[in-house]
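Both complexes shown next keep chain A, but they swap its partner, so chain B is in the first and chain C is in the second.
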Partner chain A sequence: MATSGSILGNPVRRVEDPRILAGEAKYFDDLEPTGCAHVVFVRSTMAHAKITGVDIGEAASMPGVLAVHTKDTLALEPVAGMMAPPAFSRPPLADGVVRFVGDIIAVVVAETRAQAVDAAEMVVVDYDPLPVVVDAEAALKDGAPLLFPDHGSNVAVDFVTMGATADPTILDGAEVVVSGRFVNQRLAPVPMEPNGILVEPGDTVTITVPTQGPHGVRDPLAPVLGLEPDKVRVIAPAVGGGFGAKTGAYVEHIVAAVLAQQLGRPVKWTETRSENMVSMVHGRGQIQDVDLALTKDGMFQAVRCKVTQDAGAYSQIGAFLPFLTRTMAHGVYEFPKVELTAISAVTNTTPTGAYRGAGRPEAAAFLERIIDMAADEIGMDPIEIRKKNFIPPDKFPYSTTTFANYDVGEYAKSLDEAVRVAGYDQLRADQKARRESGDVKQLGIGVAAYVEITSGGMFQEFGSVEVKPDGSAVATVGTSAHGQGHETTFTMIVSDLLGIPMDKITLVQSDTAVVPRGSGTMGSRSLQIGGSAIYRASEGVLEKAKVLAAHLLEANVDDIVLHDGGKVGVAGVPASALTWGELAEAAEDASRRPDDWEGKLAAELDFNQGEATFPFGAHIAVVEVDMETGRVELIRHVAVDDCGKVLNPLIVQGQQHGGIAQGVAQAMYEGVVYDEDGNPLTANLMDYAMPSAAEFPSFEASNTETPTPLNPLGAKGIGESGTIGSTPAVQNAVVDALSHLGVRHLDMPFTSERVWRAIRDATPA
Partner chain B sequence: MRKRSAKPPLALPCRPVKPAPFEYHAPATTADALAVLAEHGDEAKPLAGGQSLVPMLALRLTRFGHLVDLNRVPELAGIERHNGTVTVGTMTRQADLERSPDAAAVPLLGLATPLIGHFQIRNRGTVGGSIAHADPAGELPAVVLTLDAQLDIASASGTRTVSASEFFEGTWTTVVGDDELLTAVHFPVWADGAGFAVDEVARRLGDFALVGVVCGVELDGSSKVTRAAIGLLGMGGTPLRAAAAEQALVGTAPTDDELTEIGRLAVADLDPPADIHASTEYRSSVGAHVVKRALRTALERAGG
Partner chain C sequence: MAELPVTMSVNGERHRHIVEPRKTLADYLREDCALTGTHLGCEHGVCGACTVMLDGVAVRSCLMFAVQAEGAEVTTVEGLAKNGELTPVQEAFREEHGLQCGFCTPGFVVSVHAFLEDNPRPSRDEIVEALSGNLCRCTGYQGIIRAVERAATTMGGAT
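Let's turn to the complex of A and B:
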């Protein structure tokens, strides 16, 4: 790979953009097959209540209504959570109790969406309110309202009893101990396109759904429909973002699929934005009690973190995510001792799940925060204390005490580069000057170094490449892009290895009828696993092509090479070389190919990386804090992210910028808020302050390249790095801006009010 | 506890998707629009730029049997300047106001309007819609009040003109009756050399202000304030005038410390609302700073 003429490493523009920008890409809701009926859900307006009656009479008699169901007429198996007690399973239609605002009570199917909306309004629900718990810590207290009284507690997953034992002596012998309590607040993923599904029944049920992995929707749905998986075809069309929240089958998908089968006609559910804010999983939601032990000269001795994870009502992936927080609790540092214990608790709120970073941002957040507190405590510069404790490059591969196997790492390299780009010393001088002059706008400089885990747990992926007689190639892969630009990067790989122009290569993905297996696109795994599968399949095709060319040219296979211009022939004899079209044609002609030839000019395989990779980087954020209003402005953000070998810098930069935007959003703007009765107070985009590009400076994103030895591309993930490095950098910057007032910690998001209060409380009246 | 998911929709023929069903009227003249309003009373609602009304309808927070679309009534839009007044027709788009050379005679309009939402909203949103909607955090309602604008209100039986101080009654309520339309707003033009400023704190660009101020000052030859108007937004159920602060300002050439005092005075007797974005305390304290800053700017601009 990467010979002088290689396309890899070049900023190739995304081939998918023109059709998306021109509005030609088709999303599931653009499809409206004839006879399509529409589903609308009747959702609980109470956070916790017994349902004593549901009157569907009037709704059922409304014009166009085809069916109205509650659990009494549509019995569906409860959906079990991940690692959670079976008692915490979620019935798709509430079974006598609702447990969060948004829980589904009834479903209406009508000829048109408008009719379904109108009828849903006529469903009358009798509630008998139950006590509500919205806070995970409160949910664990004695006497807390129980979501599942039969189970006897709100504990979804207990990571103390699951091998993460608490060591009471961990801080013994420390010279300095700093402690903090950090709230890593709950976020809403807010993909541009909300959730939904289109189900077309038939001999094979065809399901078009905005998902990050069609096989992951098919596998749980097929048994519900009583069908073999090959009788269920799931297609992910153009998908408007997922961020981790569009994985697996939602209960809404199950209900819609069953209704389509019952009615024998296409059924569609299109989530509204307001619905999305309560029904799609939320992310983060950890409370962290942290202690860091260190020597007076800044050497770390131990770190301890107690996580309380908010699982939301019912127990989904969110309850399990502290596991990843623990995996990454070591960060980039040589800690002699690390301990992370966690408990996940159910609450009367929207269930939590994976959201860009999923458990790893939470790890970087508490480490980077407590380290800054330590630096303040011992009077050391935040850069120096970090560099002092980095795992040095010669110790890789490095096994942490939290069971991670770091592949490669050069942590000082990325931090040094960030310091250089930011002009760190000048920034500190500027900060000093502003402090001395009592400027109303104080400067804050925040540093964060991180390492994260990508493709964790899902090491294997399907890939195939076939060359056609017309000289074109088709690559098929089990990942499923929904904004990541795989059509561009993956075809670049094929083009690089086979010399076939990119515009003659098609990427097939996101359809279970044509992709035999796949784990989808999540966990920043796609290029390293799916891309490597395509890489290996391309190699396989090239090997076969060489055998075929040797046979046709009556040459020794060892003398066959790929010539410039994409022909295959004898080294030094380009004139007689064969085109890919000629080769593919010959491969299908029994009279021209070798006797022992099998199949087409194609190769398919499952690439298995065997282990995860650990991208890393350093971010420096610069903020201005208005000391009178508390308003924070991010004025610069420097990111140096190391995702190994960069195949397409444009796409990597896109991932960096988008990730940073989402990470900064957590620090500065976003947070899901419930009142004490469990009413969501941020259930629209007016109250949920998702920022837009207008709120940000242009990020200064660059890369160091430390290739991983684990895959042929040398690539690690980049999809989530931005949300992992940026959040603590901005958080540290805001605290840094106020540190001269004695402020040591502030929770996110930095609303003007929160910052204003901190200033006021720290300033002598 | 028994909850119907919502009140019953009206049995009407037209079926748009998100809002509850309504009958759509598209009159071509003010008179026709007023006639529809006269006929349907509180069942009918004027539709201007739709930037506030449509979201509320789509969320089904509100519903009306009849919508009277004013977008096809040309006579309701336009900006004219005459005799010390700039008159703005109710259906004038906020974006047009922002760019109008005639409206430039009232500098506060040009300073305040860009802070309304995003440009897409201002392209569609109207001047009268914003004022009739009367959001207490809206910029234009605060300008109306601060400049003592006069507002024309028409019904099928005639037109009346009310002054800004009588116009706003409470959050989202004004003296405009169910059968009436706001048709035009008259903004007085201040003397040459007057200075104006707008300042606000909002969560994001384009968000409604948590707290804000619009103000104007005129100075005499010795830099003493001869005229002052200070209007606050987001600080109560309606836009508010800071009368005591205005009085304290007039006759002085305030120092920075005095401006700080005047800022405090402006919010002294207020009990601003609290919501998830800001507390009463925050609005009061920061309101004082924002007033100080805006006055400082207005004075600089007036001083020349």
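Let's turn to the complex of A and C:
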């Protein structure tokens, strides 16, 4: 592949765009089948309380209301969390106790959404408040309020007893030890399209849902409905972003599906934004106690991190994510010893889950922060201390002590490039000059080098390619795009291998009725796994085409080649070569194909990469801090991300840009906040500071290309890299701007008030 | 609830419906006119996904009632392209990869149409300012800003 004349590597415009730009793309809420009823949930307004009474009488008598249910009339099995104690399972409708603001108490179904909203407001709930715990560390203290008293503690997952042994001697023999306590704050994913579901009952139940993987919604829903999976068809239509939060079946999906089945008519739930901010999983939420041991000349000896993870009220994927933080706790460095222990605790807050990066940004954040503190401590430049400790290129594949097997890495290559693009030495000179002149706007330069894991744990994906007698091709893939442009990238792959024009290739995805198996788009896996499945299936089709052409042309199969212009025939004899349409037609004609021919001109398989890939990169952020007001402005952001071979630079750059924006947003603006009673203070887009175009500079994003040997495309994931590299770069830049005052650490986000206080506290009175 | 008649022109077509006075223009367009290109991302006027043009001015259709648009000329994202031809603004969004999931895109595209009509030769700062009323979670806004620059150039070149 990628020979001269290859389409791969070119910035091909997306084939998805015209229908989106014209407003014709259909998202789930754009569908309104005849007779569709609407679901609205009655959610808890208290963070922790006994429910002493629910009066649904008036609501049930409201116009258009079809049903009002609490757990007394709609019995649903509690949903178990990932690796969590069974006691932490979540009843879809609260069973006597609510554990976070947003927990579901009752559900209303009505003819119209407005009627359902009206009725939901008439449901009267009596609460008996219970003590509230919103902080994961507080939740682990003796005497803390227990969310599940039967269990006896708030511990969801204890990674100490799961093989992550704590070594009390790990810092022994250190020349220098630096220690820090970092808060990696809770974030809201905020896909622009909130959650929801449309369920149409019938012999086969059809479910249209904004999800990153339709099979992952079908499999938990089918048993709840008492149906075999093949009687539940799940479709992901146009999906308005997910960022990790639109995976699996939400309890709301379960309730809506059961109601549709009971009522025998279509039922739709459309989440509002204020509902989304409390009911969709949140991300991050770690407190990290970190120690780094090093020699006086900057060689790392050991790193230790104790993570306290906030699982939220019902333990889900979030409780498990410190596992990925541990996997990546080695970073890009040759640590003789690495130790990450973690405890996940339930709190009276929204459950946490996967959000762009999911456990890996937290690893890069604590490593890059503590390394900067160490550099400050021993008086070494942050670039130098990093390069001194990088795993050298000749040591790959490299197995870490935290059970990661890095495929390829040239960490100095991306950092050197970032230094060059940023003009690092000049920036340092500018910083020095501003410090000396006492400029009101001080310059901060932040560096971060990272490695991350993509397609971790999910190595396999389905792919098929079929050529039709009209010369067109259909590719089917198990992943499911929700904005990533798979129709473009995957048809590029088929076109490149078969010479069929892109506009004659259709990608089929996101529908369990036509895609037999699939895991979906998460963990930056789709191109490397799904794309490779399409690549291998295309190869399979080409092999079959050669056999068929050899038979038809009475030639030796070894002499058959794919000619320019997409015809298959004898090498050097393009005139007799056959078109794809001719071949597909012959394949369906028993009189023209070989006797041992099987099936159509098609191939299908499951590509299994066997292990994960480890993209890497380096980011340099430049900030100006106003020393009088504490206002921080990000003035430059340089990113050099290495995702291996780049197939479509337009799409790769788009992933970089979006990732950087979300990572910068964590450093600068965003954070989910609860008061001590567990009331969410950031439950709409006025209060939650999701940035607009005005909050970012132009990003200077580029790539180095170190192909992975693990798949035929040489591709590693790019979906989350930007988020992982940018946050610590910006955080380091802000601390760097104040380091001459003696500031060694500041937690995110960098509100003017927080920075102003740090300046005030550091400045001698 | 008492209902009221409302008549308006949407994308050049006359629409007349009987609606509840509390129905937002956004819900009216989506439910009564079956024009689902206008999206709702926050329902409280922050994200701008529901932006439409009302008598040529960009407005958030989630923040006004359908009955307030009585007699108005409304243009939604569906009304921009003529005869299947994307507008220079839409083309520029595609050219510069100014969209990913596309949910916010109709709001951006409509806002940019209104903006470039008022300010055909904007500076980069003016573009950023104009875009700051719309939220996008996918693109980091980079491609969107470039798309507005490109559209301004294309459209300026044509006049």
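Observations
Assume the second predicted complex is superposed on the first by the 765 of 765 C-alpha atoms of A that agree within 3 Å, B and C clash if a C-alpha of one lies under 4 Å from a C-alpha of the other, contacts with A are read in each partner's own complex, and residues count from 1 in each chain.
Keep this in mind: contacts are C-beta pairs under 8 Å (C-beta built on N, C-alpha and C of every residue); 3 or more make two chains touch, one makes a residue touch a chain.
Please read these numbers as outputs of a predicted model, since none were measured by experiment.
In the superposition on chain A, A:Ser752 makes contact with chain B only, not with chain C.
Touch criterion met: A:Ala661 reaches chain C, while chain B stays clear of it.
In the superposition on chain A, A:Ala694 makes contact with both chain B and chain C. Applying the stated contact rule after C-alpha superposition, one finds that A:Val65 touches neither chain B nor chain C. When both complexes are overlaid on chain A, the residue A:Ala114 reaches chain B and chain C alike. Of the two partner chains, chain C is the only one touched by A:Val239; chain B is not.
When both complexes are overlaid on chain A, the residue A:Ala311 reaches neither chain B nor chain C. In the superposition on chain A, A:Val98 contacts neither chain B nor chain C.
Taking chain A as the reference, the larger set of touched residues comes from C, when chain B and chain C are compared. Look at A:Val623: by the touch rule set out above, it reaches neither chain B nor chain C.
The residues of chain A shared by its contacts with chain B and with chain C are 114, 272, 274, 684, 686, 692, 694.
Chain contact summary for the complex, chain A toward chain B: residues 42, 45-46, 49, 112-115, 117-118, 120-129, 272, 274, 628-631, 669, 673, 681-682, 684, 686-687, 689, 691-692, 694-695, 751-753, 756-757, 760.
Those residues of chain A that touch chain C in the shared complex are 13-14, 16-18, 20-27, 29-30, 32, 114, 190-194, 238-241, 243, 272-274, 482-485, 650-651, 653-654, 657-662, 684-686, 690, 692-694, 696, 698-699, 722. For chain C in complex with chain A, the residues that touch the partner chain are 20, 22-23, 30-31, 35-44, 46-47, 49, 76-78, 80-81, 86, 90, 93-95, 97, 99-106, 109, 128-129, 131-145. Of all the residues in chain B, the ones that touch chain A in their complex are 1-6, 8-9, 15-18, 20-21, 59-60, 118, 201, 203-207, 210, 276-279, 282, 285-286, 289-290, 293.
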